[in-house]
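So that you can tell them apart, the chains are marked A, B and C in the order they are listed, and the count of residues begins at 1 in each.
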Amino acid sequence: MSALLSVENLSVSYRIPGGRLRALRDVTLSVRRGEVLGIVGESGCGKSTLAAAMIGLLPQGATVEGGAIRLEGEDMRHLSPDRQRGIRGRSVAMVFQDPMTAFNPVLTIGRQVADFTGAHGQRLPQAEIAAMLERVGIPDPARCLGRYPHELSGGMRQRVAIAAALLMRPDVLIADEPTTALDVTMEAQIIHLLRALRADFDGAIVIVTHHLGVIAELCDRVAVMYAGEVVEEAAVDDLFHDPRHPYSRALLACDPAVVIPGTGHLPTIGGRVPDLSVLPAGCAFAARCPLADALCRTSPPRVAGQGRSVLCHRAATQVAP
Amino acid sequence: MTAVLDLRALSVDLPLGGFLTRARLPILCDVSLSVGRGESVALVGESGSGKTTLARAVMGLTPISGGSVFFEGQRVDGDLARLRRNAAMMFQDATASLSPRLTVGYLVTEPFRIHGLPLPDPAATARDLLARVGLPPAIARRYPHELSGGQARRVGVARALALDPRLVVADEPTAGLDVSVQAEVLNLMHDLRAGMGLAYLVITHNLALVRHVADRVVVLYLGRVVEEGPTARIFAAPAHPYTASLIAAEPKPDPRRRRADLAIRGEVPSVLRRPAGCEFHTRCPLVRDLCRSTPPDLVPVGDGRQARCHFADQRQDKQGERHAVDHR
Amino acid sequence: MSCADETSLGARRGIGRALLADPMGLAGLVIVVLFLSMAVFAPWIAPYDPIALDVKAKFQTPSAAHWAGTDHLGRDLLSRIIWGARLALGIAITSVGIAGGLGLILGLVAGYGPRWLDGLLVLVFDSMSSLPMIFFALAVITVLGPGTATLILVIVLVSFPAYARLIRTQTLALAGADFILAERVMGAGTARILLRHLLPNVTGPLVILLCMDIPVVIMLEAGLSYLNLGVKPPAPSWGNMLSEGYNALRQAPHVVVVAGIPLVLATLGFTFLGEGLRDVLDPRGAGRRWG
């Protein structure tokens, strides 16, 4: 099956005093209908920039240096601004980390959701909105429509945001850290909701997060990002049980949630993320990699096959632990 | 041996904003817990459970309305000086807890200045303290906003350690940090405890963190202790349905162990409208009639544990079995 | 972990350098420095005694001997402007300084002190600022008689509530901040918290406000002197000069113009400097980091 949304060799940089910060370098990814793609990485790895680029909302100061973002084969960057706006929300919808910031505090939920859907086509009847709110697990949706954003809890606001996005029947739903601001029990409920929606939603979902647990619970495929590059892309089970890139392996190993209780020490990744405005030559992870050798000072190849791709000189030769 | 920290039936309530009413809103109700010398106790709960209020009440930032706080056997009563000299606190937002216009070097040595202790060579003291948390001496010249999240966290730890405290109260010590940095902070906390015999009261909603740092766990729900006991036992077989739900709700970093169903629904009720009977009954998957009418007491359930549930005893065996299967 | 760790871009750029990079702030700075040096070095740079009469030479237009001409009593206008700067800036800086200091102390006390004291102080600030400024000034001058000291007293009384309220609002906002709680947890006393931790974080906006208020005070002084309610003649106040120039507008229009120029320039200078400082010291700008 062909890709619904695909990112091809995308490079994005930010202008900063005295140079440019290379936030994304040669990123290639795609997501098919009915698939949930996870994008995972630590802060500063470029995952939020990638999410913003996918919906065509790069912040000021960001420049696309090359590559394409295709929705069903059509390069979104070559569309008129009007068409782009139409696609945003309509074909590609986004849910943010803190939905409070996405709502206008002085309007009721019902009014805002109606306005939002109205801006992208026909205004939907309140009954349809209420039905969608019920679908995302809001008790007493009719009453919720008359409330103001601050009267809802974080979990409820996130549900409303998801409902508003889904009312547009988008092809792609992008969720940027959808559970980070929530408590554990609410996080579990949102994960559960997204998983249930996936079954009857004929589109693709992209989850951007730093939380490996969320990825494991929710995604079909995962892209691991490091210093603006996708260093490994694989099916979720392959990644968690047979990570090939040394960074993926280190990241999985040091997750406090994964280690058997009782051990005093967790593995760590020594060193730090390179400065994206003065990148080292060759592999960006080499300075922190236990397997690095002289070869790693040259650009690593992308080794692809068996439904996965790894950006590493050693990917082919390495044996998984 | 006396406990480092002993809370006896601690209650905190806040005035409701009314102009004419004197009504007060209970935030913490009868919380008793103790932290032994060198022991690490985790206080677990979701937002609204009162866990941050408890930390602040212990450190004397929020007035307590009932019960008492004992520090090393002596009651803390108005005179906070001894407690504040020998106990330190790590804040959830490490960067915001550092005074913005002062350098790291000044900030880490400030406890000496506050308590009028000799500080012959501030630069050397700062260097030593920073070295203990694995930071280079050059950091001393920086300002708080120039630090990364992990560095600010370490500076907070260095400052907490300045006067060799006996107790560190840590509010969400890994919040907002990347996984790899979380691991570094946890390792640091572990090493300091081993090296200095520090006791920790760790306040968190992150169960992964609890497994790594805590000897004992205290679970709070709506300002009440609902379960308390040794970490390993509680994770193996939680006695209270809320604890069980929390453990079940935690996302497992293994796609082969995805949860099929949902252990808990709904949200923590508002402290303005506490449910009658057992306060957890509105979300409890095992609720029975008794729970809706009669509040349960915190009772011992074996293994040095206590739980606030009418049916904790009956469920113990069954749950133990199920969990054993779960974890294979 | 951010990549900004090592570089900390633009974090501790000197205030001075940032101000120099802003053309308006730079212009303001130059003008203010010019007037300040005129005020400080008046006895050395003024070519004549500002109150020495030379009736024979009255109403002279600008010439080589008198660069700015002379007034109706033959006094050298340039010298009067230079000495006037000393008077105007002296009064403005003294009164704004006292008012700022008073506002700072009362604002900190109101913001961090007990609630009842806060209530009392806010009542004082509010009643002071509800008085109509010009009538209050006239009333005080009527009672105490015109003069420099009265003028300073009036300005202090009229302007300190605004400063106190600014500081109080800022202090209240910071009193519950994590770093203040952290200091309390470590056992820091009230004096340490106020002086070391609150003071440095609330003064930025006050400095801006004070700078912007100096021209207001210069204008007020000139206005009151023009009405013969301020500095007593023959002291070389810009307001007195305007007043005298106005009386002789037909014979010698240059007197009014010459007396007006420094007033306009000083006002612009301090306002520009204030704007420049605002851009540099703005709390949202301080410590800003990308990423």
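Note that in this section a contact is a pair of C-beta atoms (placed from the backbone, for glycine too) under 8 Å apart; a residue touches a chain by one contact, two chains touch by 3 or more.
Here the structure is a predicted model, which means the values were calculated and not measured.
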A-B compared against B-C, more contacting pairs: A-B
Chain whose Cα centroid lies at the greatest distance from that of subunit A: C
Subunit B and subunit C: spacing of chain centres that average the CA atoms, whole Å: 51
Chain centre separation (subunit A, subunit B; CA means) in Å: 31
Where subunit A touches two or more other chains at once, by residue number: 42-43
Of all residues in subunit C, the ones touching two or more other chains: 1-2, 5
In subunit B, residues with contacts to at least two other chains: 149, 178, 181
Residues of subunit B that touch subunit A when the two form their complex: 46-47, 149, 174, 178-184, 186-187, 190, 194, 205-209, 211-212, 231-232, 235, 245-246, 248-256, 258-259, 262-265, 267-268
Residues of subunit C touching subunit B in the complex: 1-2, 4-5, 8, 11-12, 177-179, 181-189, 192, 196-197, 200-201, 287, 289
Partner subunit B, residues of subunit A touching it in the complex: 42-43, 153, 155-156, 183-189, 191-192, 210-217, 219, 236-237, 240-241, 250-252, 254-259, 261-262, 264-269
List of subunit B residues in touch with subunit C within their complex: 56, 59-61, 80-81, 84-85, 88-89, 91-93, 96-102, 110-111, 114-115, 142-143, 145-151, 159, 178, 181
